Structures are given as structure tokens and as C-alpha cells.
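A short worksheet on the structure shown next.
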Amino acid sequence: MELRHVRGAPAGIEQHELKNLPSSETPAKITVIDYSPDRAETQEVKDIQAFITQHRPEWSQAQGIRWINVDGLTDMKVIHALAEKYELHPLAVEDLMHVPQRPKVEPYPETGQAHGRLFIIARMLRLVDDPEGFAGKQLLGEQVSIFLGHKTVLTFQERPDGDVFDPVRARINTAGSRVRVNDASFLLYSLLDAIVDEYFPILEHYSDLLEELEDQVLEDPQPSVIERIHTLKRELLLVRRASWPMREMVSGITREVHPCLSETTRTYLRDVYDHAVQIIDMVETYREFASGLTETYMSALSNRMNQIMKVLTIIGTIFIPLTFLAGVYGMNFKYLPELDWHWAYYAFWGICFVTAGTMIWWFKRRGWI
Amino acid sequence: MELRHVRGAPAGIEQHELKNLPSSETPAKITVIDYSPDRAETQEVKDIQAFITQHRPEWSQAQGIRWINVDGLTDMKVIHALAEKYELHPLAVEDLMHVPQRPKVEPYPETGQAHGRLFIIARMLRLVDDPEGFAGKQLLGEQVSIFLGHKTVLTFQERPDGDVFDPVRARINTAGSRVRVNDASFLLYSLLDAIVDEYFPILEHYSDLLEELEDQVLEDPQPSVIERIHTLKRELLLVRRASWPMREMVSGITREVHPCLSETTRTYLRDVYDHAVQIIDMVETYREFASGLTETYMSALSNRMNQIMKVLTIIGTIFIPLTFLAGVYGMNFKYLPELDWHWAYYAFWGICFVTAGTMIWWFKRRGWI
Amino acid sequence: MELRHVRGAPAGIEQHELKNLPSSETPAKITVIDYSPDRAETQEVKDIQAFITQHRPEWSQAQGIRWINVDGLTDMKVIHALAEKYELHPLAVEDLMHVPQRPKVEPYPETGQAHGRLFIIARMLRLVDDPEGFAGKQLLGEQVSIFLGHKTVLTFQERPDGDVFDPVRARINTAGSRVRVNDASFLLYSLLDAIVDEYFPILEHYSDLLEELEDQVLEDPQPSVIERIHTLKRELLLVRRASWPMREMVSGITREVHPCLSETTRTYLRDVYDHAVQIIDMVETYREFASGLTETYMSALSNRMNQIMKVLTIIGTIFIPLTFLAGVYGMNFKYLPELDWHWAYYAFWGICFVTAGTMIWWFKRRGWI
Amino acid sequence: MELRHVRGAPAGIEQHELKNLPSSETPAKITVIDYSPDRAETQEVKDIQAFITQHRPEWSQAQGIRWINVDGLTDMKVIHALAEKYELHPLAVEDLMHVPQRPKVEPYPETGQAHGRLFIIARMLRLVDDPEGFAGKQLLGEQVSIFLGHKTVLTFQERPDGDVFDPVRARINTAGSRVRVNDASFLLYSLLDAIVDEYFPILEHYSDLLEELEDQVLEDPQPSVIERIHTLKRELLLVRRASWPMREMVSGITREVHPCLSETTRTYLRDVYDHAVQIIDMVETYREFASGLTETYMSALSNRMNQIMKVLTIIGTIFIPLTFLAGVYGMNFKYLPELDWHWAYYAFWGICFVTAGTMIWWFKRRGWI
Amino acid sequence: MELRHVRGAPAGIEQHELKNLPSSETPAKITVIDYSPDRAETQEVKDIQAFITQHRPEWSQAQGIRWINVDGLTDMKVIHALAEKYELHPLAVEDLMHVPQRPKVEPYPETGQAHGRLFIIARMLRLVDDPEGFAGKQLLGEQVSIFLGHKTVLTFQERPDGDVFDPVRARINTAGSRVRVNDASFLLYSLLDAIVDEYFPILEHYSDLLEELEDQVLEDPQPSVIERIHTLKRELLLVRRASWPMREMVSGITREVHPCLSETTRTYLRDVYDHAVQIIDMVETYREFASGLTETYMSALSNRMNQIMKVLTIIGTIFIPLTFLAGVYGMNFKYLPELDWHWAYYAFWGICFVTAGTMIWWFKRRGWI
């Protein structure tokens, strides 16, 4: 348990810090979704060279929107091919590859040879089941880099092992859904909304843990509680570090004046912004609550120490004088008159009980027992 | 007691976090109040379909204001019917249903087919009697969503079990009251004022509790005090989390330039804003005060520990050397000259009293007794 | 002492929170001062109805300034009469009656039927002697509401038991004083200056107390010290809660563009603003200092505990082994060779002294004695 | 030592708070320096009346700059004479006499009868040797009030016992130095630069003390350390309280558009501003460092307590059971078989050593020894 | 180890504070790199007088960029020669020589006789191996002063013992690299990027240490841990003090409108800015984490104390009453009936075991064992 916790630790802090450049080039998984108000089609791209030379299907050319999702950042061929085809700015490409970056939004203006695009970095958090992890879960962070064009959205994810976009995909495949009838920037909104909404169940999980820890602190404060509070605070620190720049980023998009961003999307993004603010509120509240728990735990510990001290004091106070008395009558003085008294032994016990009784009464009065 | 506290806990944190979508569709309670400077009428709507096809009463058409209040958010038919009739923006409708949202104000501009409306989310706090709750009360939070139109105000409450709007209703039914002679936005002001004013008795309740806890800490610091401080801090955390965005929201309305908002209302809203700021001041002061109490409690605890240690030390210091001396004269050495002395036993007691007296005098001088 | 402190407590927190609406209507005391550069006259108004129908004295009509001061907020007749005569805004009248409000400034623009006035709420703090209070003093807070017109200043105080305006009155009665030769807004400045300047002796009182408490903490940390620090922190919390909005209020006036405010007054108000900032600086410094004192007290307590523990340890370490040895030679084994040795008893004492000496030397070396 | 510290204390806090109006009027010391690019002359003024009626020396009339420095604020005649001659604003004169004021800058615009001047209040800190003071030094704060005119600079210091302007005087007396060839505002810059630069050696002094205290905390944490940290924190609090408004004041000057301020001076003042920011950085870092030291000290104290407890526990654990055993064989039961065994005594010692050995081994394993 | 730590300390705090003016003038090392898109040449300058009179090589005159790097600030001749040749502002020259300055950017506008230049102070941090240092490393801070002209970049470093610019030099020497084809301000970007990027491995080093310390705190909290946390916090304080002004400085450059700064560079500098923000985020997170560790350590310490207390209590509780009983039967009363009972001795042992058993059971139930 100790060890797991320790092994789990780097995953927590490190994953956000280290530039993990994997050793072997695993192939990236590319999924392309074309949709227009009438139609939606999903294809998986195997051959990147063939793909970038193809044109869009005819039905998609006028109104259609293309979403290209790339899972995995190690296949340089794929990234370079897409960067070239979609004229992505070299700095943006560097940022998407050197994870982790801080969530941000950057406009790249239309130039002679490059399309104007909005480049967005978001941080996707997920809680996955992990028997080794803290409270049976592990917090995973992943960078999602998004390029928004007029009719194209490119997203790049770090790892191929799942994301939070399934509801978006479902809505794209539903005829008449809002995402189908709106423009590309609405897809951007949908993706950001899906990312931000995933923070809520994570926080609810931590809220449940906090409740549980509070029960333990108030009822039976074990040393292991403080370790769990410690770990919880640390995970909240990570969520907080992700959520503050997310808020700034969303707020940055709403302030951005960019041809790719429609007014409708801007209205909807206010909602994402509100959610990001709410998440920060929750994180800060939980963090303060966890700090309060630590304080309460420490005072519970002091209380317990006090209680133990009381027992010690009571025993000492009662028996030490009596033991002294027994020692006195164990002395071998030749002339020790009490030894010869007939009722001395019974008188001794009498003194003992009276002394002990008086002391116990005195302790009760002082509120020590 | 322990258990109640624990069971009560989720009600505190969770209620603000969880999206509680009730399982069964209980019918919503709809109350409609029409009023003009001359007249006021209240009706309860049973059949929503009939209602939305009716026109307003004739006397109300020119000058009259209609306030529709919906209690309960589970009857989708009602909400959709009203949303359609009053052309509410889908995002706003989503926000009103997915409680809890952060208090906020959002203008929806007049478009071709939708009226321009101001959408406001407020958080209503109430303290209700609850023998199971903390200090016999339970803090309830409820979201109130308000749509302000030119002559119509719609309010949606989460639960049908009471609200803080009775003073507003009374004033509407009073001929010549300010709310009767003003426009719809003045009703909005009255509602927000009622919500914000309800925070004051809540804070006074906590102020009383703080006074009480302070007495306990200074006079008789029991371990249960720290639990109560802990719970109080937590409830203050919840009030604070509600009041900060309330302030922002009210300030947002006063800055908003919207055709539905009259200049008079803006002047009156400054008052609501002042109250919101005052509430935040109070919450922060109470929180600092509660933190100070925890510190004072911890030092009271240390003092008590010190006192117990003193008793232990005094007993040890007095009796341990004497017990050693008694042990010495209990030894069975053949050649132990003192044993044969005639006054040895009395000398022994003399030494005991002198030693003990000296020590007690020394402790007194050091200020330990 | 304990009890007094506790009874005194509500006076501290509560007075700022509770809307104290007194049960019986005690008559308000109204004092009117008319002055012009040449002349000043003070009258006490007994009959409010007669007063409001009178005109000003002739000499005062062109250049004269009238200051009406009302002590006590319970006589509704008086307040309503003045509100009607001077056309005070209903919201302002509400604010002045429902104490306590947060210090603030609100302009009421000139309308068809009402004069443009500046409405100001200030918080007056006074330390009055009170043998029951903390350190023989009690901190009283009182709301002063001020209406500034072109040639009239109205002030409303909560209680009739004294204020801080005597220096202002003296200056008005001094021919050639600055307040006499300037306009009505300069009187406003003088009043605010008097209120803010009264904060300084209060802070000096707390500064003296802090010095005294610091001496106690460093020289003889008694448990009562922490209670006094606790109370001091609390009073500082109250001063701080009054001074922050005072600063905002003064800064608000200097930014206000209002026909009643002259340029000269604005220049002088910068001085009041500087004083308010200085007060906040002092409060924050004292609060940090008090926090530091608590920490230092706690470590002094730990030191004392350590010292007591040392005594216990030394006694235990010296006597417990020796008592064991005495016990050994008190055993009744038939074959216990040392008992028959001739110098055994003297050897026993020798061992005792050598052991005790060695231990004391060892403790000295470790720095425990 | 205790007492000195206590007596020293008011000097620390009080000197910044109290308006010290000295009882007797000691004559102020007035020094006048005239300089132009070619020439510099210093004179001490004995007769203020004679001085204010004189004209400047001829060589100084066109290009010359006059710096009048007044040491001591108790000679009202001097101050009033200068205020009249140089048309200083009455509010500024009040501020310069009622020390301490918060550092600030205030422009007084040119009016019909008064020259436009810039009025600046700065806080000069000096560390002077004082065997009674903390670490052999005492921190002195003094207000310097500066009036900047076109060709005249007036400075007023609180006390005549030295200042930090000697380097400026030296540079004025050096032909070709920058201050000689620039205008009056450059002299202002030089004075502020001298004041701010004096903060650095003070902070270095505290930095040295912090290093020293850190050594003591880590190597031999004595109770006196905490008192010294406490005093150091307090002095840093004072430096901080001086340096924050100094930064604001300097920044205020650079933003001020005033005819007396040249562009060159503005460029140079950026440097003073940078230094003020650096000083605040240092103070904050030292304060955090001192807080860290307190924490480390407290944990060192706890460690020491733990160690003492360990010794107590070991002694108790080893000897108490053995003493019990010795007590058992000291009982006087008639039928106590072991007493008659031949090797019982040796067996007893054997048991003692084995028990003690086992316990010591067990403690070692748990890491308690 | 203690001592090293202490000796290492000044290097930490002091190096950032003290103006270290070395006693002897060691010659500065000057490296000049000329490059244009086609060509790059590096030369080391031995004779500064010869150098400043030379012209650039012909191929470099039109398009070429010259980077002059000076290592060591003690050779006044070199600095003055360069300052004269490149018309550096005297204030800037002072700032570059009086290390340490706070990182900043200052534009010096083009004047009649001086070129407009941008003057930048940056703080370079490096971790170098040092067996004496904390965790085998020492944190070195060095000021880098940069002058940006149209075609020239001058950099001044404090010490000649290495820098972080090797990657920049490598890229300059690579034909076709971005730095080769861009202007002088791009070289500035490259240098700042190299400086800021070096912060990341430093923070990763501290992150590793934090992980390690966390393991120690949770598994085996030794007193030395708190010293290491203390040192770590201190080093983070230094990194933080460097990184906040670095962020401001970079942000200042991006806001600066200066002819030497190209639009491309501005785009790239956003990246440096993002990294600086990320570094601050990391430092703050680590600092909070370290604070959490201290708290957790303190509670681990309390736990351990509690455990020791428990052992003491158990021993006391079990043996003290039994010892008393043994003392009773060691008394020498003539009439003590139990002494003559046949099974008394065995009954005594029975009582002992029953009492001890009961107590152990009771402790187990209370959760003390």
C-alpha cells in the first residue's frame, strides 16, 4: 500500500511536468468525420499519404465540415503531413508535440500562404479505474491541441486509450442535432464543453472522498487519514493547475475576434466559461475544506494525546503515594511502632481507599475523568 | 449525534454539487400574478396548455405586469410550453434545468423571432428548522432562475417547499406600493432584494453560534467544540460560495444596458449590491473569527496538557525520591546501622516532610503550581 | 472577568450586525448651526414642525451654510419632516434608518422636484471608558449619515451620547477659521476628517496593548495572554471592517463629479484619503503582529512543556534505577550473598551517588539541564 | 537583555505611529547649497529672517539651483518663514509637521499667487549602532519632506542627527558631476536614490541575521532563537510598511506630468523604481523565509520533545517491570518457594538482563534509540 | 553535513543580494559571432582596442548580424570601450555592472547621438554538480544583460564559467536554421528561450526531490527530512524570485513597440511567455506541495509521539498497580493475615495476570494497542 502510493506519485506530479518523448514510434490513429446538416460519415485513415492527396467527398464540399482527430503524437510523418496540408504554423506544431503545454488560445492570422487558424490547447482530465491508484482511481491528464479553420477542425490527443468526445461523436451522427446544423466553431465549442464537463464527475469523486475522510476524522482519526488527505490535496492541486488556465483559455476565445468564430458559438462558449468558473470555485472550496480537515485531525490527535496523558496522570497520582506508603511499612527499622499495632494492616487499606477515593473525586471535579 | 452529523454532511456539500434529476415527474406548481397600479390578481395554473393559449385579462394588457412563478423543475411539459410561448433561449432553459448553476446574468438580445430578455440565475439560501441538523437548523440552497421581459417576469424554483418571496407578494397586493407603480424590472429588483435580505438572518444565526462557541472555547474547551467549529466553517464556506457570485451577478445587472431595465431599478439595485458586499464582508469576518477560534482552542488544549503534565511532574518529583528512600530502609543488609537507631523512623518521616516541603516551595517559586 | 468578557462580546460583533430598532420612541435631539464668514449661531430645535416652516435668518441667506445634526434615529416624525423639506431620496432615508450600512457614497442627481445631493454613510468609532470592557475600554461603532447640498449639510447619528465633532464645532465658532470661509463641502471634509482622525488614538491604544502583550508573552506566558490576544485580534477585525469601506468611500467622493463638491474640498479630501490608507496599513500591520504573537506564545508554551518534561525525565532517569536496586536488596532470598557483606550498605550508597552523578553529567552534556 | 528588548520595542512600533510633538522648541538647522554647472557653495543659515529677504548670489540667478535643507521640525518660525517665502500649500506644511505621514507625492498646481510645486514625502531608514538594540543595531525611521520647484528644492528632516545625503552633497561639490549639470528635478532624483539605496545595507544586515538564526535553528534550537526571529519579523514588518508606499510614491512621480520634472529625471527615476521593487521583493522573500524558520524551529522543538519522551519510555519500559519483580521477591509470604531455591538470586539477575536486552533490541528495531 | 549546509546557505541567499565587486580585475572573455543567412563566423577578441576600430567583414555588412558576448564584468576597459562604440546609455551600463538587478526591459529611444536600443536584464539559473551542495547540486544565478540593436546584439554575463547558450550557438552554425534567416531580434528570442528553458530541468530536479521527501515523510519521518524540506522551500523561493520578474520582463518586451523588434519575434516571444507562466505555475504548485509536506511531517511526528505515549501508558497502567500490590505484601506488619495463607503467593500471581489481562483487553477495545 505504502509502495503503491509512492509508485503512483510520479504519475501524479510527473505526468504534468515531464516532456515524455516515447522511445518507439507507434503509429498514430487518425479518424476523419465529415458531416453536413444532411449527412455524416466516419472513416479511419490508414494511409496518410493517400489521405492528404484526396479531396473531400462531393456532398461535403459546399457546406460540409471535416473533423480530423489524431491519437498519439509519436508518428512524425503523420503530423508533418497534416501540418503541411493544413498549413499549420511551425510554433503551433512544436507546442502540440512538446506536451505538456499550458492551456491557451493563439490566433494565427491569415498570411499570403497560410490560412488563418485558431490554435487551442486544452487539458483533458479523466479518472480511470486503477486498483493501484488512490481510492481505486487514477487521475489522467492529457493535452488536446485543436486547430480551428473555416470548415475544418483538427484535434491531436496524446494517447490513443480513450477520450471524452464520445457524446460529441454521437451528436454528430444524430440528424438535426445542433452540432450538425452549425459551423465548425460550434464543433470546437462542443469539444471544449465535453472536456470541461468531464471535470465535474472528477470533482464529485473527490467530494465523496472528502465526506468519507471527514467521517473518519470526526469518528476515528487514524494516522492513515492524514496520508489520504495529503494525497487528496495533491490531486486537487493538479486539478486546480489544469482548471485555472482552462478558464483563461475559454475566456480568451470569447474575447478573440476571428473570422472562424461565429456569434452563436460565442454565446454558447459563455456557458463553458461559466462551468470553468464553477469548477475553480469547487476546487478552491474543496481545498479549503481539506485544509480544515487537516486542522481538525491535528486537534483530534491532540485530544487523544490529552486523554492518554490523563490516564497516565490518574494512575500516577493514585498509586505512587500508595506505593510509597507500602514502602514505608516495608522498612526494617527496629523501632517502627505501627508494625506492632493490631489493626494497622486494615487501617493501611482504609487509608489507601480513602486517598484513592478523594483523588478520583477531585479529578472528576476538575473534569479530567 | 455523530451519525446525524455525518448524515447531515452530504446535504451540505452535495446539494451544491450534484445534478439532482429526480426520478419521477412530479407536477410543477405554477402561480401567475397579474398586476397594474390599480389592480392585482393571483391565479394558480392547473392546465398549462389552456394557460398558454389564453390572453391576459383586458385590464392588464396596456400597463399590467405578469409574474409567472414555477415551483419544481421536473415537469418538462410545463417548462417546454413556457419556453416556447415566451421564446426563451435554449441555453437558458438548459441552465435553469441543470441545477446548480453559478449565479450570473446573461442578456439575450432581441432577434427576429425571439424577444430580448435578461436571464438571471440567483441562489436563494434558507435556514429551516431541523432537529437533525447542525444547531437545530439546516441550510438549504435553491436556484432561482429569472427571465425578465418588458412586461413579464418568469421565475423558476427548484423545490415547491417554500421560498422567500412572501414579502414581495404582500407588497404586490398592497395598492400604492412601490412595486405596483413601477415596471417589470422593479419586480426583478424586489425579488433579488428579498433573496439577498434572507442572507442576513442566516449570518446572524451563525454569529450567535460563534459567540456561543467562543464562550465554550474560553471557558471549557471540550473536543466537541472543534467539531462544531469545523461544521460552522463549512457552512460559512457554503454561504461564501453563494454570496461571491451573487455580488458579481448584481453588479453585472447594474452595468447591463438592456431595454427591459429602467433607470429607477438601476438606482435601487445599487442597494442590493451594497447588501451583497456587506454579506461578503460579514462572511469573511466570521471565517477569520472562526479560524482565530480554532487557534485559541488549540492553545487552550496545550494549556490543559501543560497543566496535566505539571501534576504528573509534581507527584513524580515528590514521591519518587521518597519511595527510593523507603526502599533503602527496606533492604535486608545485615549491617545497616540506621535500622537499629531508636529515632530513625521518626527521622525518616522528618526527612520526607522536609524534602516534600522544599520541592513544593521550589515549584511555587517557578510558578508551576 | 471571564463573564464580563463574554458579556462584552456581543457588544463587539453584534453591534455591527444587528438592526437595532429600539422599542420606544425617544425624542431625537436636533442641533442647527448657521454660519457665514462673519457670523455663527447655534440653536437647538425643540419643535420640528415650527422649524421646517421657518426661513433661515436673513444674514445667512446669501452666503450662509446650515448644518443640521440629528442625534437618534427613532423619532420618525423628525426624520420624515426633514426628508420632506430637504427632498431626500427614499432609498437614502431607508439606508440611514436601517443601521448598520456599509460606508459608501451615493450621488442623487438633481431631478425635477428633488435637489441633487450627495449621500454619504460613514462609520464613527470611539473608545469609551468601561470598567467591564476589554482593557478597561469599549469600542463603540456608530453610523453617521451625511447629506451634502449646496448650502446645507444634514448629519444623522445613531445615538445621542456623544460624537467626535466637537473640534469641528469649535472651528465653526472661530472667526476666520478655514471652515468658516469655505463652502458646505468643506464642512463635509471637516466632518470626515474628524471621524477618520479618531481612528488614530484607537489604534494607538491597541498598539500599546500589543506592546504589553508582547512583554507578557516573552517574559511570562500565562494562558490569559492568549485570551487577550484573541480579543485584541477580534477588535482589530472590527476596526478593519470599518476602515476598508471608509477608504473606498473617501476615494469615491474624490472621484465623484458633483456640483456640491468644490475643487478645494477635493484637494483637502486627498488628505483624509491618505489617513484612511495609513489606518488600513496600521491595522494590517497590527494584525500580522498579533498573529506573530500567537505563534510566539505557542512556541513559548512548547518550551515550557519541554522544560517540565526534562524535570520528569531527569527524576525518572536518576531514581528509577536506584529504586530498582534498593528493591533488589530488599528481596528475601535465602541465598543472597551481598546481604552478608560488611560494607555492602556503604557500597550501595556509593553506587547510587556514582550513577546519579554520571547521569547528571550526561544530561548536562546533552544540554538538558 | 529581556528588558532591553522590551524597552527597545516601543522605539520600533511607536516611532512610526506616534505624532511626537517635542515639548521644547530646539532651533532648526538650515543648510543652503547653491550650485550651477560651474560653481557650488554651501552656507549654514543662522538668521532665518535675514535669509528670506536676501537674494540669491548673482552667479546663481540664471542657471543656479538652490537646495535648502532643514533639520528639525520644532522651530515654527523657520517653517512658517520658508512656507511664506516659497508659497508652500498649507496642507503640505501640515503634512510635513505631523509626522509620520505615509510616503506620497502630491502636485500643487500653479495658481495666481502660489508657484506650482511637487510635494513629496519619503521615509528614510537608517540602522545605527546601539548596544541596547536588537543585534547591536537600531532601526530608525525618519520622514523627509521634499518640495520641488523649478530652481529650488526644499527638504525637511525630522531629526538633526544625521542623514543619508552625504553622497549627494559630495557629488554636488564635484565639478562636472551629473547632478551639477542637470536641473532641480535631478537633485530630487539623487535624494530619492540616496534614500532608497540605504535600504539595501539594512536588508543585508537582516539577511545576515537570518543566516545566523538558520544556523542556530538547525544546529541548536534554543528558546531565545524564537524571540530573535520574532523581533526580526517585526523589524521586517516595519521595513515593509515603509517600502510599499515608497514604491507607489516613486511610481507616482514617474507618472506625474509636471513642469518641474524633466524627461531625463523621469528616465533616471525608473532606476529608483526598480530598486524599490527589488527591495519589496527582498523583504517579502525574507519574511517568507523567517516564517519558514519558525516552522522549522517548532518541528525541531517537537523532535527534541520526542527524544526526551523516548528516554523516559525506555527507562520506564526497562526498569518498571524489573522493579515489580524485585518487589515480588521482597514479599513476606510464608510460603514463597523461590525464596529457598539456591540459585534464585542469580536466576533473578539473569531474568533482568534478558528482559532488558530484549527490550533494547526491540526499541532499536522500531528505531526509537 | 550540517556545516556544509550552513556554508552553502550564503551562496543561496547572498548571491542574489550582495553587490559582489571582485577585488582583482580578471580579463573579460569576448566572443564575437557574425552570421548572415549564408555564412557564420566565430572569433575570440583578445585586443579590445583593435576590435572596436575594425569594421565588420564585408559579407556581413548588408545583412549580417553580430552577436558580441562578454563573460565577466570586472574588466572596466572592455565595458567602457563597448559602451562607447555602441553608444549604450550610462544608466544601462550601471545596471549591467551592479549585479544583481531585477529582470526588466527598458527601451532607450534613438536620440541625436545614440542609437535606439532595447536593454534587457534576464536572470539565468543553472544547477551545477557540487558534492557540498544540497542534494549534490548547487543552484547558481547569473545576470545576463542584453542590448538589442538593429543588426547587433550585445550580451554581458557575470561569470565566465559556462552558460546556457550552447544550443543557440549550434543553431547559428547550422545553415538554414531559423535563427540564421531571421533578424537580430530573433537572436534575442533564441537567447531568452534558452534561458527560460533551462528552468525546466531545474524544476524537474526539485520535483524529484519532492517525491523523494514525500516517500520519506510517509514511510520514515526522520528529523533530517524537515531540514531538507526547509532547504528545498528556500531554493524554490529563489527560483520564484527569479521567475516572476522574468515573466513580467518577457511580457514587457511583447508589449514594447520598438523598431528593433520584428513581428515574427513577437509571435515567437509569446511562446517564451507561456513557458515563463508555466514555470511560475510549477513553482507555486511545488511550494504548496512542500508546505503540505511540512504539515504532514508534523502530524507524523505527533503520531509517533502518541505511539510512544501509548507504550508509556500501557506499562504504567499495567505495572504500577501490581508493584503497589507487591509492596503491600512486602510490609512488615505483625498482623497481616494473607502472609500466612498457604496459596497466597499463587493467588498473588493470579491477581497479577487477571489484572494485566483485563487492562490489555480494555486498551485493545479503546484502540490504544
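To keep things simple, chains are lettered A, B, C, D and E as they appear, and every chain counts its residues starting from 1.
The rule we apply is simple: a contact is a pair of C-beta atoms (placed from the backbone, for glycine too) under 8 Å apart; a residue touches a chain by one contact, two chains touch by 3 or more.
Just so it is clear, the model here is predicted, and its values are computed rather than measured.
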item: Labels of chains that are neighbours to subunit A and to subunit E; value: none
item: Chain labels contacting subunit B and also subunit D; value: C
item: Type of subunit B:subunit C copy interface by residue overlap (half), same or different; value: different
item: Whole-Å gap between the CA centroids of subunit B and subunit E; value: 43
item: Subunit C-subunit D separation of Cα centroids, rounded to whole Å; value: 27
item: For subunit E, residues that touch 2 or more chains besides their own; value: 298, 302, 305, 309, 312, 316, 320, 323, 327, 330-332, 336
item: Graph class of chain-chain contacts, one of line, ring, star, complete, other; value: ring
item: Touch list for subunit E against partner subunit D, complex; value: 2, 5-6, 9-10, 13-14, 17-19, 91, 94-95, 101-102, 104, 106, 220, 223, 226-227, 230, 233-234, 237, 241, 245, 294, 297-298, 301-302, 304-305, 308-309, 311-312, 315-316, 319-320, 322-323, 326-327, 329-332, 336, 338-345, 348
item: Interfacial residue positions of subunit C with respect to subunit D in the complex; value: 203-204, 207, 210-211, 214-215, 218-219, 267-268, 270-271, 274, 277-278, 281-282, 285, 288-289, 292, 295-296, 298-300, 302-303, 305-306, 309-310, 312-313, 316-317, 320-321, 323-324, 327-328, 330-337, 367-368
